[in-house]
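Take a look at the following structure, please.
Labels run A, B, C and D following the written order; every chain starts at residue 1.
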Amino acid sequence: MAERTIGTDISPPDLHAKITGRARYAEDFHAEGMAFAKLLLSPMPHARVRSVDTSRAEAMEGVLGILRASELPRPEQGTREGALSDEPLYEGAPILAVAAVDETTAAAAVEAIRVDLEPLPFVLDPLDSLREGGPNARTDGNVPGEDGPTSLKWPDSVFDEAGPDRLPMGEPTAEWAIGDVDAAFAEADVIVEETIVHQSVTHHPMEPRSCMAYWQNGKLFLHGSTQSTERTRGPVAAMAGIDVEDVVMIGEYCGGGFGSKIAGVPIMAVPAVLSRKIGRPVMLRITRYEENYIGRARAGFQGWAKIGFRSDGRMTALDLYLVQDSGAYGASDFFTAGTVATASYQPENMRFRGVPVYTNTPPRSAQRAPGGAQIVAMLEPVVDKAARELGVDRLEIRKVNAPGHDGWLGPNQGPFTSAYVREALDLGGELFEWEGRSQLSGRREGTRVTGVGMGLSPFTAGSNGRDGLLVIRPDGKLHVHQGIGNLGTHSIADTARAASDVLDLDWDDVVVVWGDTSKHLPFSTVQAGSQTTHAHTRANHAAGEAMVGLLQELAALELGGSATDYRVADGRVFRAGNRAAGLSFAQAAERAIARGGKFSGGEIPEDLHDVTKGAVAGLAGEGLIAAAKDNYGQPGAVFTWVATFAQVELDVETGEVEIVDLASATDCGTVIHPRSLAAQTNGGVFQGIGMAKSQRWVFDPQWGIPFTKRFYTARPPGILDVPLSPRFAAVNEPDPHTPVGAKGIGEPPVGAGEAAYACAVADAMGGLCLCRTPLTSDMILAELEGRPRPYGLLDTHV
Amino acid sequence: MAVIRDMIAPFELYQPAGVDDAVRLMDQYGDEGWVLAGGLDTFDWFKDRIKRPAAVIDLAAVDEIRGIAEGGDGGLDIGAMTSLTAVAEHADVQSRYPLLAEAAGLVATPQIRNQGTLGGNIVQDTRCWYYRSGWPCYRAGGNICYASTRRAMNREHCIMGADRCVAVNPSDTAPALVALDAEMVVASSSGERTYAAADFFIGPDIDIERMTVLEPGDLLTRIVLPAPREGARWYFEKIRDRKSWDFSLVTVASMLQVQGGVIQDARVVVNSIAPYPVRMGAVEAAIRGREPSEETGQMAGEIAVEGARALRHNDYKIALTRNLVKRSIRDAA
Amino acid sequence: MLDAEIIQSRRGGFTRRKFIKGVIAAGATASAAGYLFRSSGVLAPMLSAQGAVERLVTLNVNGQQRRVDVPKHETLAMTLRYQLGLTGTKLGCDRAECGACTVLLDGVTHYGCSILTHTVRGREVTTIEGLEDDGVLHPVQQAVIDEGGFQCAFCAPGFVMSMVGMLDKNPAPTREEAAVLLSGNLCRCGDYDKILNTAMRAAELSRSRA
Amino acid sequence: MEFLRRALNPWGEDVPIGVSWDLIWAAVIIGAVFVVVHALMVPKKVATGEIDESEAKGLPEKLQRHTVGARGFHWSMSATMFALLITAFFPVIGIQFPWVTIHWIAGVLLILTVIYHIYHVFAKQDFWTMWIDRRDVEEGKLGLKAALGQSDAERPRAGKYPVDQKMFHHVAMIATLGAVVTGILMMFRIDNFLLPMNTYMFSDATWGWIYVIHGVCGIGLIFLVIAHVYFAIRPEKRWMTWSMINGWIDRDRYLENHDPARWTVDGSSQRAEAEGD
């Protein structure tokens, strides 16, 4: 028997290339005659292009072409954000692009272009936009409506009533309720109420979204940084105004995405269209400065929460109001936030209200647990406050409220596929030694005070219905074709294990094919929402089962007997009880090629996606080919929970916080790759800590221009800002509704880390909840020293 | 004009082999010339295309001002081109001037310390992000301080020493050198001049466009440390948002001479609260003759922040300065 | 030749020989052309002044003498990536803030993005491509394989170079010391725990090989 | 030579930020050239001593020309003006010291003296003595011709103030008021205890023009001060300079230079001084 690979550590197949410099990311591809493009960015937060004078640029030697917004297909769907715009909605929005023989010339040409801009009213704070007479971020409105943006204003009385430190709560654009919160509050034993604020922050993946494009025989070849390979073709085709079949997407490696490169990025349209226009390959190097603008950001919130509890800690009422800073083009984090809150606390009664407001700030998109991380980070300290008032242990209050397998999600109160949340809390509590450590709370040594805190963070972690595609080639190896991207989660390899385990095949005999759509890749998930592990262990499992069937059938045809007489293991299909009587995979591949038909891609299962059908057709005749759709079904929402525990020491003289210990536990179903799982969890936790502790966004209110454009001003956490030895454990109970049992892990650790940090800091401050991110040392010190707060309670981006 | 970043504008490059050649080239180019040492400050300006000198004078080959040597009178003589790593790890610096070793070792990151020079760290420009964005503020020759407006984002800015401009000095080694009573040796075509470290830095009231006395044509060549004082206790602490690659919010450097449990003499310097490292003369006078205790520290802290004025977002610096000065006396090792 | 290179990589699975060939070929064409600064009209007026540096320089990169025509304002990372085809050195920020471009100069870590190529004349430049010794991975590289290090790995070449520099300075670091020596590199995936495991493993491997 | 210093504001718009400092040297050079040319070209008008004795009848030996208040105003204005010019321009030309506080305090003092002066001329003095009327124009024309040697005609005698002095006054008044008004506005941009900081009171372009006007007026005052000092020390005008110190002129000077019909002096300087202000 081959060793089962699921549950073991492997060295990912791409690692060697990654550490020898051979792994080629988008900017590492150079083509003959390659031109360089540079972007002209809007200097104003909101403006209209009156006219553009490119004559001086065009007269420059070496300038090859200029691309304007009007030359790109108008995006009709989604956010309607184009790569270029004549009505820039944020400072740094690309207006046009110039291609030249080298970058120096392109830059000089951009500087020589005169753009006559009409400044338009701009707004940075959503609440300013909701006031009567307040500016709208877009000429067509400030909130999303049924048919595009519309204008929403609240009467002054709403603001007057709230005062400066409480969220004004006018008419929302989204609202739902479960039960009757008002009645529940009337009966609650403890009620806590807080103004809660979460900043927006740029994703800042290490690799900026550089891309290079060229055209060959009518096809667009695009080298870009994308989280999902196969699913990027469609958006790129739409951007370039061509058929999806004519897009070859090459993205073997993605230097980080975190939700900012889910299915390609709008800016890919620039080299794609510009290279066709000038008839040369075009490289668009995106700098960190540009990445700050066009690189996407998490949506921030200004909110209010009122929570009622019974004396045993059970949450009886949750009333939540969120105003979302949607940036220039919108995001749906706020809605997810309300849903995720139910997966933490299962409130007996709940009311959710929200307004997403456009602002003249960089575009938002999903960022690791969009909405989820924010709400967890904002609510967990408030729950702690209630626990203190109730005299209930903080771990206990989470266990009391956490969902079990009969738990429910969101306004529709649908089921989960599995929820080992209490198990995860217990496991984490044990790992962290919560009982003992929580006694350290408030201990003072010298100027340092200990704080202990925890955060529980749920998020969606799966989807279904994708396709798996496997080929056994005459080399005897199983080639697992993966349409998903390779953004470092090792899922290109880890989800392939579902197939190799079904085939009982040694991992060394598996070849993963990924990263280039010309290599015939099946229809996949977008690599987002932590779906991939779940969706593609299923799809590859389905394809593996199909492959087993084909091998058995082929063996029966070749060697006699019925298909059920044959077993598959160790790279052979053989008669049960007689290993010698069978075919090696290499032989099977050859026979399959000889026989053709369904064995080598000649007949294609009807239920496959067109993309997979095309891939199978492209591979036809190259080996034994099995493709299958994941039809396993999914009777509920797939969710993963992460609980993170932190012990911090707060220096009361400086406001500095050091995390002295950190432990996390998760319920993410079956563990596929322990080391990678721990790394992703810890990494997510660290990202969350970064958001809670140091990472920030700052704009000048007068000019609408951000200053946190560089790493040193944006302050993502470095290796010295996080604990050196975080600990981790997984419940490792399979999700019963998926064959491999695995759920995703990417998203929930972020909120867990953020909340654990925020709660631990609040604990060190004697339970004082500042209920905002980031919680920088200056804010902490001001609070400890009783000095005036240098910000308003509702201010974001300070 | 559109803003392009992260593309260095072309320039002529010189790599003189000695101070004399360098100074001659600096004279030749005047305002159009730019002296390149480690380059960590320089490349920011170049890549932002805010500074576009005609000629760059790269000091990489000027070996005569690199290295650490015994100075006269039992001190040390450090070439301005000595890397921060070399300063931080030098045995004599570590044993005799731990304050400086500590300060140099806390600059940015290992790579930056490997390349960045002591001289460069001392003469670096402020990190005020309004100024660094290329906005036409006072420091850039304009008529406004964007950072001191009512709604400005000035968490990192001045609480004292401001004059129109509220930018702070970002150097980690500067306060240490002021506390150590170092001397700065400056070469120019008209010869060599020497400044006490405290006089080397200037405020915007004197010249709003410069942070040091250096004018075009001047080159900081050496830093001379006097012999370490007997019975000296020292304290250095840099508060920053991230533990690597970050500038200080407030930094304190102090040297106390304690004999018989009583402070005989003291030098207390705080940086990143003013456009120059602030030597706390009143504090020094007040603590002389007292024990380095919590009470003395508390009093010193209060004196240190007398007259400090907060901007919209930096009130915390007053508390932080007070506390750090307190610690620097209470906890001096 | 470059199209061929792209196709090669698309077919996946570089062999070492193909790769080296690709690099050398890219270097050859590139130094003739100079990608980023192919020099249209913008650089034309920049004739060398008396006493200024010569553009044509010989660089010692990964033990090889490489003759290149380097514009005076070009940084080492750009020369490596665009003239010598050594794209293993990454540009994450181009501002000495993230460390993805970390290379060794005479064995000491530097940010390749923030030093002029002309400044490194006469110094030994080592990049990620220069670590393998006759097909054998450097202990640090082997340690990454052993520990399954890195996620997106865009930061990996820089971290690996920093670890190499670290071992030279401190062959037996504690986890804390390693963290300090690696604190000039940023990993946005937050894989610091695994990176430190790798660093400790690398120190171990390096000591056992020595 | 550029006249304006310009810059791109944070939104990339080209705005003025001030007057070119090169103009300082222009003002100094023009002033110097004016002085030299004037000194060489215009012959010193030596007092003839010829006066109409009939006019002298009944006039005291010393006639009051400037009240104590007027002199006080003049000298405090000149002190503040020098303080302002020195604090404004020395740092620009490289003599550096903390100048801003001195500058705005001097400015405030200047404003006070100007307010006093305005009050004084309206309330106590004859406003019209400084008014340029038709006879002044005639006087000016003839004077100019005489100066240029185009006419042998005697320049007619002036009223209390000769026309060139009146013209100087008006130009200086415009420059000073320009500097004062813009200076008051500029105080909203610096930290002072009199006016609250309001950096964004105007658009940046408007602010730029305010700085330009302030600079133009300031630099104009450099020239005016040079010219003024020059005339004050010219031998044939020294009697006037003395009168700004001691307040009186002697009768002969009065009759020689002033038309009694246009400037009626009644009473003696002693009486005026006794009255005080």
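Throughout what follows, a contact is a pair of C-beta atoms (placed from the backbone, for glycine too) under 8 Å apart; a residue touches a chain by one contact, two chains touch by 3 or more.
Because the structure is predicted, anything quoted here is derived from the model rather than measured.
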item	value
A-B compared against A-D, more contacting pairs	A-B
Whole-Å gap between the CA centroids of subunit A and subunit B	41
Computed distance of Cα centres, subunit D from subunit A, in Å	72
Distance between chain centroids, defined by C-alpha means - subunit B, subunit D (Å)	47
Separation of mean Cα positions, subunit D and subunit C [Å, integer]	69
Residues within subunit A bordering two or more other chains	43, 103-104, 287-288, 700, 702-703, 705, 711-712, 717-720
Residues within subunit C bordering two or more other chains	42-43, 94-95, 97, 180, 182-183, 185
Multi-partner residues of subunit D (at least 2 other chains)	10, 12, 200
In contact (per the touch rule at the top): chain pairs	A-B, A-C, A-D, B-C, B-D
In the complex, subunit B residues that touch subunit C	6, 8-15, 25, 36, 39-40, 43-44, 46-47, 55-56, 58, 60, 85, 108-112, 114-115, 243-245
Residue numbers on subunit A that touch subunit B, as the complex places them	38, 40-41, 43, 103-104, 107, 110-111, 113-115, 287-290, 447, 653-656, 694, 698-703, 705, 707, 711-713, 715, 717-721, 776-779, 781-782, 785, 787-788, 790-791, 798
Subunit B-touching residues of subunit D, taken from the complex the two chains share	5, 7-10, 12, 15, 17-18, 91, 96-101, 189-191, 197-200, 204, 207-208, 211
Residues of subunit C touching subunit B in the complex	42-43, 46, 48-49, 51-53, 71-75, 94-97, 99, 102, 108-111, 113-116, 118-119, 162, 165, 180-185
Footprint of subunit A on subunit C - complex, ascending	1-3, 6, 9-10, 12, 14, 19, 26, 29-30, 34-43, 81-82, 85-95, 97-98, 100, 127-129, 131-132, 137, 141, 144-157, 160, 175-176, 179-180, 182-183, 185-196
